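So, here come the structures, one by one.
Next come two complexes, and both contain subunit A; in the first it sits with subunit B, in the second with subunit C.
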Partner chain A sequence: MIFRIARKEMTEMIRDGRFRVSAAIVFALLAGSLLLGWHHYREIRAQHIAAQQATREQWLKQGNKNPHSAAHYGVYAFKPTAPLSLVDHGTDPYTGVAVWLEAHKQNEFKYRPAQDATAVQRFGELTGATVLQLLLPLLIVLLTFNAFAGERELGTLRQLVSLGVKPSDLALGKAVGVAGSLLLLLIPATIAGSIAITMASGGEETAAALPRAGWMSLGYLLYFGAFIGGSLAVSAFASSSRAALIALLGFWMFNGLIAPRAASDIAKSLRPTPSAFEFGQKMELALKNGADGHDPADARNKKLEEDLLKKYKVDKVEALPVNFAGMRLQEGENHGNEVFDHAYADLWSVFAQQDAVHRVLALAAPGLAARSISMGFAGSDFPQHAHFAKAAEDYRRMLQRTMNADLIRNASNTAPYFAGDDLWAKVPAFEYTAPAANWVAAQQTSAFGILALWCCAAVAAAVWTARRMQVY
Partner chain B sequence: MFEAIGLSKTYNGSAALHPLNLKIEPGEIFCLLGANGAGKTTTINLFLNFIAPTGGKARIGGLDVVDHSLESKKLLAYIPEQVMLYRNLSGIENLEYFTSLAGGRHSKSELAGFLEEAGLAQADAEKRVGAYSKGMRQKVGIAIAIAKKARALLLDEPTSGLDPKASNEFSALLKKLSGSGAAILMATHDLFRAKETGTRVGIMKHGHMVAQYATSELGHADLERIYLEHMHD
Partner chain C sequence: MKHEWRNLSADRAPLAISLLLGAVIAYGAFNGSRWVKFQRQTIASALTEERGRYAEIREEMVQVEAGEKKVSAFADPRLPQSFGRSMGLRYAYLPPAALGSLAIGQSDLYPYYFKVSTGSKQSFLNSDEIENPAHLLAGRFDLAFVILFLYPLVILAFSYNIVSGEKEAGTLALTLSQPVSLRTLVLAKVALRSLFVVALAVLLSIAGVLVGGADLSAEGSGLRLLFWIGITAAYGAFWFALAIAVNAAGRGSATNAIALAGLWLLFLVVIPSALNATVKSSYPVPSRVEMIQAMRVAGEDSTRQSSQLLARYLEDHPELAPKSKDAPPDFGTLLIAVNEATERSVQPVIDRFDSQVAAQQQMVDRFRYLSPAIVAQAAFYDLAGSSAHRYAHFLSQASTFHAQWRGFLTPRILKKEKLTPGDLDKLPTYAFREEETGAVSARLLAALIGLLAPVALVLLPALRWMSRYPVVG
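Presenting the complex of A and B:
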């Protein structure tokens, strides 16, 4: 009976001009956003490959120089763009796409597209995620607000109930009918998106993106299920279809427009992040005085010198069998690494706490959970930015160790020293592997839990209110 | 088939239906007469279990409509003042939908046959009901009852607003259904139609069943006179 009801709902919707027009608009926007996303992804991917090759070439062909000069010459690490970021750019425009890896410093990321955005772009960018998170729920509201209230006003509800149709079957049938109509929109869009990814990145990357796409789809299905169930519950509960529409549009605005901004402000006020200036100043101070403020650089260098003289049983630096400058530089790196680890761990812990606030608020607005899942599997959320930043920093440290080790081993304490291409080639090219879908799924467990809770509660509410609704 | 035993309904302390005792056998057409607010629609809604009784019981085919809500509905068909259908579906699609929800499975030709039996031309059956007149929609309602092989029919002013010809056709269909053994309870304002169609009439006033007559015992003028006498009391 549920599928019979669903079939009739779909037939009616497809024949309804209002559905055809609104579905066509949503489909056009979705297809358009995917096309724009595809163009953006292809462009960024090509730029990334070219820039990564260029920085590698520059490193290998920098000529003869002191290894520490080479360490300052440094390299760029470019964050690769994930195929599914054509659906959701996430935090990428704000976190930056490249980081300069040099001696002594764990630099901030550079080149944030949001900095170059025009005023219009800052107002809101059309992406697949915008359509899926904002416009699809609006379409669901428009399709379902009169599902029960409208039938009650029309009189068909009495006709149905007089036949002995179970209200729960009616609610589930309507839910399946709306879901089926949405799938008519989403399936072609998904096929088009898959073709776009394959064309832009090749079959191998597309295959690798499939598990992520599967998880992302599951997240969106739960989100749409929550909206369908909730909208049907409101329609069954409301005294009129007008009241149902007003209530649902109110929730849609809260969920899609108000909650994301409010959640950011609430999270920031509960767990404030330091400004870039404060963060930089704190780190400078820690580098100078030690992570705990009681280990100044001069004292460290003095102790290193004393320890080495004692170890090699000599009375002056020039007599050391190892290069003192290299030892001092590596010691400085080790100290810096400790400071960076401490500072970034603190900063990222604040971000994680802010993220936890978002998760809690998602209990009131499921769009927050859907957004988190979407960005997560698109590979454009903060944890994956942090994952890349960690990989880049590990590479920087390896590069510094290699340069300093060469200095320690080969440089003299009394004469200038230059290394050449052989040393540069010893440093492998930077290669980054994004975390697997399961890693992201583990990060998104609570978001999935919240969406599943919303979906089940909304469908249960639809069935419950349908059982108790006034027939007229 | 229909049985009301001390059936009553009160809204906020105000009685919409005082305890009603009524029995309608298969083959009978019982017409409920009365002014607006007399309790006719309340009685029908109680049999449909659209509203819960304050007291007493309503039974269809021996089944309590509250305790056996779904089972009792399998026995009946309901035709309201305006049979409302899905305007984006054709007459035959509406019939197929409603009968399938009632548990029936019929071929397209069978469905067309039911509509024809109810008086709807085949060409009209294929049209979307957005273009139907009230009379055509009422015929689809009858076709649902025919297809469902309903043994009990509840009709709430079904001929209101129909032209005399359509109204007469509708009465003929009801007689045919009762002739096949269905029990019919019909609320109406139309005294002429009640006399012509019904086997019994009951006059309701302020929630009370004040009188019952067999239509065979009365002429049209008698029924009108008795009805008006009750209304003036």
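Presenting the complex of A and C:
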């Protein structure tokens, strides 16, 4: 019975001009946004590969110099874009694209692409994610608001019930019907998207993108399921189709447009972001006086000197068998690393707590959970930015250690010292592997939980209200 | 009208909607003023830091001069190169404008203070504020958002069934049997509703901004507040006009609601994002990744030829050459020559950026009239001082200050002079000057016209269609 109803609903919808027009608009926007995303992705990827090679080349061919000069010269790490970011740019426009890995300092990422755009960008970007998170739910609302209320107004609902159709079958059948019509729209788009990803990136990247795409689709299906169930419930519950429509449109706007902004400000007031100025001052102070404030740099150097003199049983730095400057530099790096670890761990935990607030708010607006899942599996959310930043920082530390180790071993305490190409080549090229889909899935567990809860609750509500609804 | 008012006040829905609007306006004003306060505090603590540092430098200069304290060349505050590159840096900053709490706008994305040094501009121009990027992506819940996105919804909720509702209730034919035309009836109904909603939005937002600590004594802020009222009213009028036009088509209330929701989506989501995509692909900004590479290559080239560069630089500026010709150039002097050469060769790349971004802005300025929402957004950001225009104004002042800073220190570096505590008082100081009110008003006036024109464009034909409205059947 459920499938018979579903088939009737689908046939009716496909024959309905309004569905055809709105579906065509949504499909055109989806295809257009995927095309834009594909173009953007290909461009960024080519730039990234070229820049990564260039910075490596520069490092290898920097000529003879002191290893510490080379450490200051450093390299750049450029953030790669993930293949699925062609569906969802996520926070990519709002995080920097490159970080300079130099001596003494963990730098911030520089150059946020959004800074090179106009204020129109703040209305939101036309991406696959916008269409899927904002427009498709609207289409669902328009398809379902009069599913029961409309039949009631036409009087066909009474006929149906008199035929002995179970209201719960009716609700499920209608849900399956709407879902089926949407799939007619989504399946071609998914196929086109997969082809685009395969064409734009190498085989390895495509293989890594597949499980991510699977998870992302699951997230979206749950999200659409929640909308279909919820709309049917409202349609069965509402006194008229007009009332159902107004309520559903109100919820759609709250979910898609109000909740994200409100969530930012609520999260910010519960867990304020420190100012960059405050962050910088604190870090500077910690670098100067030690992480606990009782370990100033001068005293540290003095102690290192005394320890070394004692260890090698000599009376002056010049007589040490190891290079004192190198030891001091590495000591400075070690101290700095401790300070940076503290500072960034604090900052990132603020962001993580803010994101947790967003997830709690997703209990009121499922769009927040869908956004989190979508960005997460697209590889364009903040945790994955931090993952890259961590990898880049580890590389920086390795590079500094290599330089300082060479100084300690080979440099003299009295004469100038220069190293050459062999030392530069000892530092391997920076390779970054994005985290696997499971890593993201572990982070998105609660978002999935909330969406699943929404979906189940919505479908149950649809069945429940259908059983109890007034038929006339 | 009196009758309508009675009708409206008897219904509970308008009251609930008004309360909701009041609540979101209050929340938006609160968020805006909190952000302004945050920026003011940050700037204040930066200036306190600068004052403290200068007091220390003054003391240190005396001690080092007297030989009481020994420091390395990099940490000697008397050396203009160390002072100008790291120790004595001064802040150039963009204070939030008087009405800054109306719109956070782009101000959460652009750095609002720089630590100006003798180094290249690119070395200090990106002191970004820390923010969770998810918040930048979503945007903020400020008054501009409330007026741009939510206030139209309130208007549509009040007016989507302005005629169709009466028709469905059966009262339309009855009312029109009186000596009153449909046009008059609609205008009266809309006039009442618009007076109510617009007055509510305007009064509450002004109250919110004033409570949030806006400074109305600042020059031009009264005029800007008037523009806020005017633009809010005109933007509201546009949505009322749309509601009338949709009602005039003579369909049912549900169809009207769908059509109006679709128009809302069109003007607030589809057109802006399509315009954004078009602008970006018409004038693509070159990649910053390439710029970084260009700067690095240029820096290296100039370091390699630094001694030649210095000779050329001193040829160009013979008055700055040190007196004894045989003295070897020191690090500070070499750096000036290297910096200048690097900046000269990177300038074309930076110019390309600036010209593309400017072209994008121009295209947005021209095509914003496609959606009243974009017109209103640009105007709100402009009058709240969080627009690209005011930011460009700030950048040019920071640039001027950077040039003054270098102009003061470079000759002293080249002449190998040492700074004295007395010099600290002669250093260039930074003070932000607001953009001229005239320039801002001209832009705001254009926006106001750009909003009123579509109102007329929609309303006049709509009223004509009204005469053909199927009152019965």
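Simple rule for what comes next: the second predicted complex is superposed on the first by the 472 of 472 C-alpha atoms of A that agree within 3 Å, B and C clash if a C-alpha of one lies under 4 Å from a C-alpha of the other, contacts with A are read in each partner's own complex, and residues count from 1 in each chain.
Keep in mind that, in the parts below, a contact is a pair of C-beta atoms (placed from the backbone, for glycine too) under 8 Å apart; a residue touches a chain by one contact, two chains touch by 3 or more.
Remember, it's a predicted structure, so these values are computed and weren't measured experimentally.
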item: Which of subunit B and subunit C A:D265 touches, first, second, both or neither; value: second
item: Partner chain in contact with A:F418 - subunit B first, subunit C second, else both or neither; value: neither
item: Per-residue touch tally on subunit A - higher for subunit B or for subunit C; value: C
item: Partner chain(s) touched by A:Y432 [first = subunit B, second = subunit C, both, neither]; value: neither
item: First, second, both or neither for A:R4, with subunit B first and subunit C second; value: first
item: Touching partner for A:Y344 - first (subunit B), second (subunit C), both, neither; value: neither
item: Contact residues of subunit A, present in both the subunit B and the subunit C interface; value: none
item: Residue ranges of subunit A in contact with subunit B within the complex; value: 1, 4-5, 8, 11-12, 15-16, 154-156, 158-166, 471-472
item: Residues of subunit C defined as touching subunit A within the complex; value: 27, 31, 34, 38, 41-42, 45-46, 49, 105-106, 109-110, 113, 126-141, 145, 149-150, 153, 157, 161, 253-254, 257-258, 261, 265, 268-270, 272-277, 279-281, 285, 287-293, 296-297, 300, 353, 357, 360-361, 364, 368, 373-374, 377-378, 381, 387-388
item: Subunit C partner contacts - residues on subunit A that touch it in the complex; value: 29, 36, 39, 43-44, 47-48, 51, 54-55, 58, 76, 78, 90-91, 93-98, 108, 110-126, 130, 134-135, 138, 142, 145-146, 241-242, 245-246, 249, 253, 257-258, 260-265, 267-269, 273-279, 281, 347, 350-351, 354-355, 358, 375, 381-382, 385
item: Subunit A-facing residues of subunit B, complex; value: 48, 50, 69-71, 73-74, 76-78, 80, 82-86, 88-89, 93, 97-98, 100-103, 148, 154
